Amino acid sequence: MKRGLAVYAVFAYAFLHVPLLILAVFSFNSSRFAVWERFSLQWYRAVAHDGNLIESSLNSLIIAIVATALATIIGTLAAYGLWKRGSAWLSGSMYLSLVTPEIVTGASLLALFQWVFRFAHLRLGMHTVILAHVGFSLAYVVVVVLARLRSYDRTLEEAALDLGATELGAFYRVTLPYLVPAIAAAAMLAFTVSIDDYVITSLVAGVDSQTLPMVIYAMARRGVNPALNAVSTLVVFGLGMLIMLSERLRKT
Amino acid sequence: MKLRNIFLAPTAILMAVTMLAPLAIIMVYSLLTRGAYGGVELPWTIENFTRLWDPVYAVIFLRSFWIAAVATALCLVLGFPLAMFIARSGSRKNLYLSLVILPFWTSFLIRTYAWMFLLRDTGILNSLLQALRIIREPLSLLYNDGAVILGLVYGFLPFMVLPLYATLERLDPSLLEAAADLGARPRDTLVRVTFPLCAPGIRAGAILVFVPCLGTYLTSDLLGGSKTVMIGNLVQNQFTASRDWPFGAALSLALMAIAMVLLFAARKRGEEML
Amino acid sequence: MPQQTAHDTILELRRVSKDFATQRAVADVSLEIPRGAFFSLLGPSGCGKTTILRMVAGFETPTTGEVWLNRQRIDSLPPYRRNVNTVFQSYALFPHLSVQGNVEFGLRHKKGTDDIKRVLDVLKQVHLEAKASRKPSELSGGERQRVALARAIVLEPDVLLLDEPLSALDPQLRKQVRVELRDLQRRVGVTFLFVTHDQEEALSMSDQIAVMNGGALEQVGTPREIYAQPRSRFVADFLGAMNWIDGIGVRPEAVSICPEGRKAVVTGVTYLGSFCHIAMTLTEGGELIAAQVPPGSTLQSGQTVCVTWNSVDEIHV
């Protein structure tokens, strides 16, 4: 039975990982068809010269970095507040935001923005995308940080207060250092869900705030394009490096 | 003001703006009439909800249920042995577990595109089969229910494996030894001891897979094309091409209601999902 | 006569060793366990006693050596094909099944029947017939232990293996359960192989005890033999407190304080209710010596006394 399981596991892992490997391999193929011809970097050159791709990548990075920073700070504070004393309606709305289908989140945000724009002189753009991203990644941050707080010894904070720290001082000098690994993990999570999101972003983005997933989606709809393989490989590789880096930092 | 309240304030505002206000708007819109140029108008009506029973849409709901159910069942069947393998692999547990979680960190969109690349008429699978002269004409592997189910299983398998692994890991090994001691063969032990004791993990995994599959948009859009329309695609269509916001709002609420009922049913049985 | 022995022996270990990745858990152990006996494996934690039990149950395979049950070699059989059953230290009751479901489990798998009458009979024997439909989580510790027993004895195993079954109970209950367990063993007549690290438990319940240390057997014998004639210093020390004077062992209860004998200085007096424990240092030789005296003793630290003992109480190893 043990042997059978191991053989099965090989197939299961192949199922999970081989499709992306094949995608990456064919990004180095000189032919634009799914038949191997010879090694070539031409699709990477095409990507490097595609202004649309570059611009949308920059947009994605800006949005992800700003949204991650905001969501991580706000979410960490919220997790601490909820740990002190729960709040049914806040937990409830965050639970709701985690389980709402993306398409519903996006559509309802779009409805809200359009309604607001009737009164305010605003348009869809980077700011609406960032607001949406902070909104949907906030719950992830709270869940991750709160999980770490669950194993935190309350008496440590009480000891700090006993030794003369203010409430804020105790949080900043005792609790926050304990939370650092969780905050880093939460930021990683927020960054990846932000940079990857297509469904919500596509609904609330304006003409000047095209993101990389939106361009990738449009390319995928249009048909086979090895340049898309090259972009995908770069994205997967980039995210992979980021994870490795964060693991490294976590261990030191 | 207390520190806790100051700390919670930004989140409260953000949740009100990005979660509760949009929900309230959707609720109001779902009871209004479609405007002549898109948008919404008075009078109030419940017609958007009665339209959900129209066979055209009922079929889409049923298909979504069916596809999500099949994908969930496949995730369970494929995920259980994998979770068992990881739980029993001793010191390598963490490595094998991270190999399952890894796809989490890579783009869902790109992983879906990978299957388009494999399954297209001119994709790698068809090219391979043609080169080997197994088939002459390309098979239509893409744009059908099967492709959508495959994409969902590929995307959500980790959501099934993680809770299953967590319960298997916690399983007291002496219970399995006790079963063997009392005469149960490995297969009997699996059916009569391991499965029942893993019920919480199976339920959690099933919910974690089924709910997002039911509301999926991207997978059915890219791998199902125009042939496999699911609720998510219907919602998207109302808010974009059809410009029928009130009906889109009603569809959204129906989808959320189903998800909430399922989650509530699962929670009632005493499992913490969060 | 060898033939006689073979007939009376129900379980036999022949030169059994077990190696784990980094250490030898059991080293060349040979044991014969008589039919119907209450046989204890006694030793400190990590001495290999549980590994022996698990090799008999079938959860571990010996690295070398043979295990024979009822004149049949069983060391390579899977657990479900051995006619032995285990009472686990944690009891390992199935939490999703009722008391009755737990007791039926083995009947269904090992015997292919679900004779409800036998289940109820066994539950009556352990005084649990009223709780047949309860879940394990609704029972007290003592009741759980009895379910674990009932679940094993309903299968009428050749040998019942008990892995420290009393360690999860509170001390008050433990003493009472000792008597009950001993009575139950006599009544059903099943051979018990009982693993424990508690010498009082082993002494009070067993027909025979095997003392183990570091994976090897130290001594096998009746409780009296083991206590009164230990064959090694380890056995002597493990079975109870022991004074060592000039290489000769004397138990504290054999030491008396009287007008004549060896001189010693009292270093500590501990009142223990039914007796007083006196710690002393011998003036000559400087060895430490302990004695038990009646609780009314007025001895005090610093006092010089004389100690003596009967030569029949001396233990030579």
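Order as written gives the chain letters A, B and C; numbering starts at 1 within each chain.
Assume a residue touches a chain if its C-beta (ideal position, glycine included) is under 8 Å from a C-beta of that chain, and two chains touch if they have at least 3 such contacts.
Note that the structure is predicted; figures quoted are calculated from it, not measured.
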For this session: Just say which it is for the chain contacts: an open line, a closed ring, a star, complete, or other.
Result: line
Problem set entry | Chain whose mean Cα position lies farthest from chain A | C
Seminar exercise, completed: Of all chains shown, the one whose Cα mean is least distant from the combined Cα mean is B
Exercise. Hey, how far is the Cα centre of chain A from the one of chain B, in Å?
Worked result: 18
Problem set entry | CA centroid of chain B to CA centroid of chain C, Å | 55
Exercise. Chain A to chain C: how many Å between their CA centres?
Worked result: 59
Exercise. On chain C, where are the residues touching two or more other chains?
Worked result: none
Seminar exercise, completed: Residue positions on chain B within touch of chain A in the complex are 3-5, 7-8, 10-12, 14-23, 25-26, 29, 39, 78, 81-82, 84-86, 88, 96, 99-100, 102-118, 120, 122-124, 126-127, 131, 154, 157, 186, 211-212, 214-218, 222, 232, 235-236, 238-240, 245, 248-249, 252, 255-256, 259-260, 263, 274
Problem set entry | chain C - residues contacting chain B, complex | 57-59, 78-80, 84-86, 88-90, 92-96, 105-106, 109-111, 151-152, 155
Problem set entry | Residue ranges of chain B in contact with chain C within the complex | 172, 174-175, 177-185, 188, 192-193, 196-197, 199
Seminar exercise, completed: chain A residues touching chain B in their complex are 1-2, 5-6, 8-9, 12-13, 15-17, 19-20, 22-23, 26, 33-35, 74-75, 77-78, 80-82, 84-85, 87, 90, 93-105, 107-112, 114-115, 131-132, 134-136, 138, 142-143, 167-168, 171, 192, 195-196, 198-199, 203, 213, 216-217, 220-221, 224, 228-229, 232, 235-236, 239-240, 243
